[in-house]
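The following pair of complexes shares a single chain, subunit A, combined with subunit B in the former and subunit C in the latter.
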Partner chain A sequence: MTRFSRFLLGGMCGVALCAPGLVAQDPDPFAKLDPNSRFAVEAIIDSAQVAGLPWRNLRSRALEAIAKKVDSRRIVAAVRTRFTTLKEARAALGSVGDGELGAAAAVIEVGVKPEQLTALRNPPRGRSPLAALTVLGDLITREVPRDEAISAITKLWQEGRTDADFMGLFHGVESDILQGLNPGAALQNRIREFPGRAGIKPAPPAGEPETLSP
Partner chain B sequence: MTDAEEHPYVEWIAHEARRSVTTDQAARARIMELVRAEPLPSPHHGLLRRLLQPRALSMSPIASVALAAGLIGIGVVAGSFVHRRDGLAKAGQPPVVARSVAGLPVSDTVVKFVLVAPQAGEVSIVGDFNDWNAKATPMTRVPQGAVWSVTLPLGVGRHEYAFVVDSQWITDPRAPLAPDDGFGHANSVVLVRRGSGL
Partner chain C sequence: MTEAKFAIVVLTTALLTPSGITAQIASRLEAGAVVTGRDGELPSSALQVAPGIRFDRPHIALSARGSAWLSEQQWQVADGIVSGTFTAPTVYGVRAELLSNASRAFSDQSLGNDQVDVQTRINVLFKHRGGIWVGGGVARPWRVAVVSSVDVTGGGAWTRVGDAMMSGTFTNFSFTKIAPGRDTAGASLSCATTTGPAPVDRSDAGAVFATQPAASLTCSRQSRFSDLEGAIHWEHGRLELNAQSGYRFGSAYDVDSGSRRWSAAAATLWLNDRVAFVTGGGRQPANAARGIPARSYGQVGMMLAAWPMPKATVAVAPARAVLVRSFDVRAAADGMQKITVRIGGVETVDVMGDFSDWSPLTLVRRGRDLWELSIPLSPGQHQINIRVDEGNWTAPPGVPTMRDGFNGEVGLIVVAGDR
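After this line comes the complex of A and B, so read on.
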């Protein structure tokens, strides 16, 4: 073997040894899925991309389930369900952002009918139903009767309440529940606190800073 | 019996080969003149000729296997630059321009997450912003305190997350809950708007 061949061979061996390490820096997120489930999940994500749906929501859902050690079949079912509810959410809400679609899909999955969300459809420029949908999901999770929660949120939305109003409602209801009030009664209690119902607070102009983080 | 005795022509051929050849001096001068008139080969021409010259490369089976492994390694590395490991082409991704060390999207909005957990030995945060990786984003304890915190750059929008306290997933008691995902552990939600701060 010539000197050049030895050099080439050494280089190849080096690459072969280093390749797994280099690849490990970008770990395969779906490696824990069995091949069939992985194929199904990736196919659904591809379909979402083609359909213009928020595919990262689907990817995150799969990764969340993997992290929570959910079995592969349930992961595929959950991703498939989310794909369907994202389509339903888009049909109900019209032109909204990815976050709004994800939030709407999540509440549809806990029993809200897509047609019940049409009150939030095509929000005016500078207004987003993201906080409304998030608080709706929270209320349902805290066992506020679903129809009462939907009715309260859609009425507040139609009255032009701000994101801060919705977050205030969340904090109030949560506080009342922690103090032992029935979830439904807690909602009615806090709803009554809103002064008047029509156009008390206009929506903030687009881009106005507003902190909603915990 | 020698070869010469067996084949009479062999002796004649050998004799002819040994016979001295007399060269005409004028012819010799002409030949040498023609040789000198030829241009000398340049070093570049020689290198090109060396590169184009066919060669036979012999290799042992072990060396062949190592070479094949090296070529596969090059393919894997090159593939990892073209495709994400979940099979989606990098070209199809939205334009996330950079990533921090923790693998989080760079954003102009940062959010501080705080958890009071006096008895905890190890706390981290998981969410859609770090692929739900419990090792990606550890939280730090305030010295001599019960408060754990981490500050993260987050993109504008809605993010689901949870705290992992000594391997137990818990929700943020100060944040809205995400609707039940059916996976056995509830998540919290943070809404980030442009201009949200610490």
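After this line comes the complex of A and C, so read on.
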């Protein structure tokens, strides 16, 4: 083996062996944040703990942003926003689990007003609005008109629909949109498939009396 | 023979281990008929059984495979290899790999030897299109007429065109060996070092070796040759085709006429996700460093399950614009959830989410286009992203999605629980 090839081999071995260690995940999950951002994120998480909010949701939000290589300033902003929306979600939903609060906070962040979630407040024992909130967030993400989506979901919830019904609605709307149907029309199309429903109309402004569609 | 039976039993047991025990292990079993022939000899046929097992982690892959032939009512180990690959994360499209292998090769019952080798590679990946790599390493064969380690240097390039992946490699081999004082054409050679009978290592008294030292003059001689090889992998629907062809550069002393050119092809027809019909044939060049002669071969058989294309063959493609055909999460045993993804033509599939603290988890290939991973998921809503071949993180298809607030989307999984 020539000196050059030994040098080459040694150098490449060094790179191969050292590189994983250099970029290996640090046991401290927030090590990639700059000190100021880290302080801010940890302070918000501490505040959530004190307030009895699901602080793990905030931690996960920060870790998600770090994994997606978001800059520190946006990470702090995202965690702060989630802290605020978690408080709003708790005010809107009352006594629900951490998962439901996190899901509600996420849909508030995509444009749902907290007061529009009050229909899901204090669900009866044995019933969770998790699937309803999940599908609501998806419909809005797929650009179904927001008020129509909220109206459809809250009415299905009030009718006592099951998780399977909500997931069925999601699959139907997704399928129709993939086939080229307008998102709003897709929701109208699928909502008619539920027994006793002919369609939906946008939810009335918060505070006004609400009537079920025929 | 005890060794052969032991190897078969161990690998077959590993193969039959229920996949639920650990999601990071993949296995396969090939069985069929193989016909081989060397120049100047009649072809011989045998029943071949080749089990294999692979363990994958994000930056480490360990694998073992072997094959045994049933010929004349006797099982014989044909070859066996244990491999390890350490892969550094890709940084700005550049990634380092360290590959190591320990192998035993038999050409027939009277011709076997061992080798340990280690290689490093630097891959440069061009998004969506292809990549190049350079690398080098060293191999140390035992029980052969090679008196030095084998220096291996080379490089290659690959690209994807439609459903086909094409690659080209150039590999240079350099080593010192003991050989007769005449070349393959019979011409007398001048020896750098003239010796008596070749000093072959016979430390393992139980083994029979390739080398038959010439009673006459032998040389200790530097041997060099280079292989230029092109390969193509094409898959469409249930059919996969692989073909490769090569040319060996070197003097007549180092390269026998039967190893100058070679080509081989194989076709795999998947009957379902785990069972395939395999046929192929061609010519393999000699492995001069290990004393394995060139041979022609043909084979036909069945393959059960599969694992990813070896990383040693082609560098990993980043961010290929392929779509996951289906994504599913179902309850498995003991509170685990099994993630199942269907996508073909890729090398890795990763997921990450709140359940992993947003660290990537690599799925295990269970079939031609089937990838699986079992993870503990608590009841409730979970966010998940998926990527293929270390590309961009996206929301998996078939599940509700939401904007993640970072210019992307996440998938939402709702795991039902006791209420």
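By definition in this document, the second predicted complex is superposed on the first by the 170 of 214 C-alpha atoms of A that agree within 3 Å, B and C clash if a C-alpha of one lies under 4 Å from a C-alpha of the other, contacts with A are read in each partner's own complex, and residues count from 1 in each chain.
The criterion applied here is as follows: a contact is a pair of C-beta atoms (placed from the backbone, for glycine too) under 8 Å apart; a residue touches a chain by one contact, two chains touch by 3 or more.
This one's a predicted model, so the numbers in the text were calculated from it and none came from an experiment.
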Touching partner for A:126 - first (subunit B), second (subunit C), both, neither: second
Contacts of A:163 with subunit B and subunit C, given as first, second, both or neither: both
Touched partner set for A:34, first subunit B, second subunit C, both or neither: neither
Partner chain(s) touched by A:109 [first = subunit B, second = subunit C, both, neither]: both
Contact breadth on subunit A, by residue count: subunit C or subunit B: B
Subunit B versus subunit C as contact partner of A:147, first or second or both or neither: neither
Contacts of A:60 with subunit B and subunit C, given as first, second, both or neither: both
Partner chain(s) touched by A:78 [first = subunit B, second = subunit C, both, neither]: both
Common ground on subunit A, meaning residues reached by subunit C in one complex and by subunit B in the other: 1, 5, 8-9, 12-13, 15-17, 19, 23, 29, 60, 63-68, 70, 74, 78, 97-99, 102-103, 106-107, 109-110, 130-131, 134-135, 137-138, 140-142, 163, 167, 170
Subunit A to subunit C touching residues, read off their complex: 1-2, 5, 8-9, 12-13, 15-17, 19-20, 23, 25, 29, 60, 63-68, 70, 74, 78, 81, 97-99, 102-103, 106-107, 109-110, 125-128, 130-131, 133-135, 137-138, 140-142, 163, 167, 170-171, 174
Touching residues (chain side subunit A, partner subunit B) in the complex: 1, 5, 8-9, 11-19, 22-23, 26-31, 42, 45-46, 49, 56-57, 59-61, 63-68, 70, 74, 78, 97-100, 102-103, 106-107, 109-110, 130-131, 134-135, 137-138, 140-142, 163, 167, 170, 207-214
Subunit A-touching residues of subunit B, taken from the complex the two chains share: 57-60, 63, 66-67, 69-74, 76-77, 80, 84-88, 92, 94, 111-114, 126, 128, 131-134, 157-158, 160, 169, 172, 174-197
Contact footprint of subunit A on subunit C as seen in their complex: 59, 86-89, 91, 96-98, 118, 120-122, 135-138, 148-149, 151, 153, 352, 354, 357-359, 379-381, 383, 393, 398, 400-406, 408-410, 412, 414, 416, 419
